[in-house]
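Look at the two complexes coming up: subunit A is in both, with subunit B in one and subunit C in the other.
And then the complex of A and B:
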């Protein structure tokens, strides 16, 4: 028999209670894994979207809303004239409800701009010209909206025709309704307004040179902020708010887990008071009793972490299959997140065990003589 | 009220194990005086029975000897060292003494062989040697066929045998027994007592045994009678007839 056997036996003493505590801490860790994984995945998928479009720099004004603030399309001309800019493409991107879908990305792109080039037709055709009342749908968007080629699509007050279904190479692209910028501006009454400019830098530029170009753009276009593609979402206050909410909710769930483990360990110490006194009476040092309690709570945390990672991962996979959000989630469950979640769970376990362990060390061995 | 010290033992007498002078223990801010000034000396190899009515302070005294509690006043030495000032009272309990409880106090979620190993965690013995030693001890108390039984599957007598084996785990020189036969029927009590006495003799241990039972007192080499927190008699007894 090893010390670890004693630790395990302590937890198995009340299997139902240990199991319920495990469920409690697992749910907390599952929330961390799911929410942070989704949040990170959202950021990563936007970065992928930028990459497949070949965008090096994004010029936008990411304010408090999820969609960037609009500014004059004249900014694009100013930027486009810079020698380091190989090409620029104006976009009006919005997050809005489309027919039965509560939230979709509507991406209106400058006709002939490079942001159309990554779209691979799966079926149908691209619009004939900038003002044809037509949209193309990313394949996930088509599934969500239950649309096929030739179907009408209501956007604001205008009825457009779905002419093509495309594979954009990234979740964000595949979940988008894509149309000509001029048509969108006309429908929404936003003539001369855009909210994003995708920029391709001159080939061969280093990362530092791209950052210098961002500074140069900022100087000539104070209406918006130039950011290296992929980093712009992280600078959005709205996204940061969502990210903070994810962590906040996770923290709350973890605190519930902490209280659960602490309660269990306190109950354990209370119930095993005489046993602990016997161990002290037969020569165990208080430090060994403390270690026993802390190892028990750490083990509980470790198991809770493992189960939590599994529940979180499966939970998000189940969520992904729901029709309402199918194709909108691309969670980032990397090994680092899993590791952090398990370590967090162990830390939670140990912290939860500190007070019960301290209580156990205060017991006097003479109590063993009683009862 | 402090009792006078008994006569000092002769110069050639065995080593002094315990010495108490003016030992007092109070509870509840002095409202309860469990020991009211106790003096005695116990030497190596003695079999001392402490006898007296309930509440006379005999278990309190045993707790002091086992460093399970500290005196309120007076001196209590173990081999010339103050028990109250021991730097490592846990180490003292683990290595110097073995305690046998009236209610056995085995850990219910551990088997007999595991219970016996418990005190050995405070020694450097590796796991395999702990198991080997526990098996050896359980064999010596006649429980080689009950090694993997949980306490709930053992009879009262068997439980106390496991507890005795546990008390011997680290080879103590002193055994402290608190009413070791108090929870046993007369037949089992007789066997347990014989076992304790045999083991004491084999290992030349000092045995301090607390009991109500006058029959047990007759088996001891010395009987200390207590009443109201004081020693009222301290007598050497003639060896029992063979």
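And then the complex of A and C:
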């Protein structure tokens, strides 16, 4: 019988209890995987949205709201005059309820700007001009609003016509209502106001040069902040709050898992007192007993981590199919997240086993006689 | 002994006066936050009763210390688009108003009709035009935790010459942010008539915390109204015509005064 056989048998001695503990720690890890995966996916989706638009820098003032604060459209001209800026596109992005949908991204883009170029028509057509009362819908937005080509869409005080359904190449783009900036400004009474500027830097600029360009833009446009595309969402206090909430909730679930494993391992030590004492009597050093308990809890953590990753992934996939949130989630389940979750689970297992292991090391061979 | 009693009574009176001052200050602060000039609000109103109905609304309001003018305009669904309600209240006088149903039906509302339902919701016309924080009698009657937030309970009662369909209103106020988290309105017999719960608080364009989502339970059995605000814009310029029945027929976007 090897050391590891003893470890495995220790866990299999009470299969129901081990199974329930496993479920406890798995739920904690599943929460980590699901919440952090969704939060990271949201960030990654924005970054993808920027990439498909060919945006190098985003100028906005995220503040603590989900939608950026508006500023004068004159800022775009100031930035567009910089020699390092190949092109700039003004945008008014808003999060608002549209018809019976609760919250949707309404993305109003400068007519003729490069931010229209990534939109691939699936059906219908693009608006004919900047003031045509028309919108195009990302495919997810069309599904959510139950709209097809030719249907009316009420936006603020104006009824517009859906002229096209597009594939924007990213979840955020596909979930958006897209229209001309001039039309949107007219509808909402926001003439001369924008809240995002997408910028393409001169081709061939290095990462450092793009960052230097951001500093240059910040100097001439103090109304907003220039960020390298993809990093801008991290600047939003609201997103940072959501991210912190994800980790906070996950941590709570993990703490519950820690307590579960600790309880199981303590029970194991108490129940196997005689066995441990015999092991000490036949020459096992206390250190080896400690290692045995720690290996058991680490194994429990490892298995909990694997099961948790599977439950978390499947759980989010099931969530994605629910009609209420269909198309709104694009979780980022990368190998790094899975690895971190399993390592976290093992660390949780080892930490939970420390106290029971210490208790086991205090046993003496003579206690075996007492039964 | 007499001196001691006199001291205790004086102290109690002083404490009570201080508490009243604090209630009046709080009410004045909340009242002023509500009567904060011209603004336009966009919100979704969902009424869940025997049938579910959803409306997208635009609210235009001009609120000053002395008067309140509010227009509720239905933007969506198409079959109800253009329906509007105008409500007016000056000082302590009773509110009045008018409703408009396209293409050209105008019905005037007098003070006796202020208990009617606003666009089929669990709110009445009175609920949206009346600012009970401006009533004369204000008192803090206790504290309570609402949604894990410690709140002062402010009781407002109309004073002489102030007309309302309610005998008293209790507001649970989050003192850290000065936001009402719950409002209960009572009839003269002390019966709870209407409860309004704040379910989401946001910071508006004036950097003030305001309720964004509300749930309203009224006397109608099994009916609940949810109001989900999606935007608010202050410092908006309105023409006087926009607050007349004739102005209902022209739906225009609200423009910032600076635009």
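Simple rule for what comes next: the second predicted complex is superposed on the first by the 370 of 371 C-alpha atoms of A that agree within 3 Å, B and C clash if a C-alpha of one lies under 4 Å from a C-alpha of the other, contacts with A are read in each partner's own complex, and residues count from 1 in each chain.
The definition used in the following text is that contacts are C-beta pairs under 8 Å (C-beta built on N, C-alpha and C of every residue); 3 or more make two chains touch, one makes a residue touch a chain.
Note that the coordinates shown come from a computational prediction; the quantities given were computed from them, not determined experimentally.
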When subunit B and subunit C are modelled together on subunit A, clash or fit: fit
First, second, both or neither for A:217, with subunit B first and subunit C second: neither
Partner chain in contact with A:119 - subunit B first, subunit C second, else both or neither: neither
Touching partner for A:286 - first (subunit B), second (subunit C), both, neither: first
Partner chain in contact with A:365 - subunit B first, subunit C second, else both or neither: first
Partner chain in contact with A:103 - subunit B first, subunit C second, else both or neither: second
Which superposed partner A:316 touches (first subunit B, second subunit C, both, neither): neither
Partner chain(s) touched by A:29 [first = subunit B, second = subunit C, both, neither]: neither
Apex subunit A: angle to the C-alpha centres of subunit B and subunit C, given in degrees as a multiple of 10: 120
Partner chain in contact with A:278 - subunit B first, subunit C second, else both or neither: first
Smallest separation in angstrom, by C-alpha atoms, between subunit B and subunit C in the superposition: 50
Interface residues of subunit A shared between complexes with subunit B and subunit C: none
Complex interface listing, subunit A residues touching subunit C: 64-65, 94-100, 102-103, 152, 154, 156-159, 186-193
Complex interface listing, subunit C residues touching subunit A: 42-44, 54, 56, 58, 75-78, 81, 202-203, 228, 230-231, 233, 236, 251-256, 259
Of subunit B, residues touching subunit A in the complex: 59, 62-63, 66, 68-69, 88, 90-91, 93-95, 99, 101, 103, 105, 107, 109-110, 113-114, 117-119, 121-122, 127, 130-131, 166-167, 169-170, 178
Residue ranges of subunit A touching subunit B (in the complex, touch as defined): 1-3, 5-6, 9-10, 12-13, 274-275, 278-286, 288, 364-366, 368-369, 371
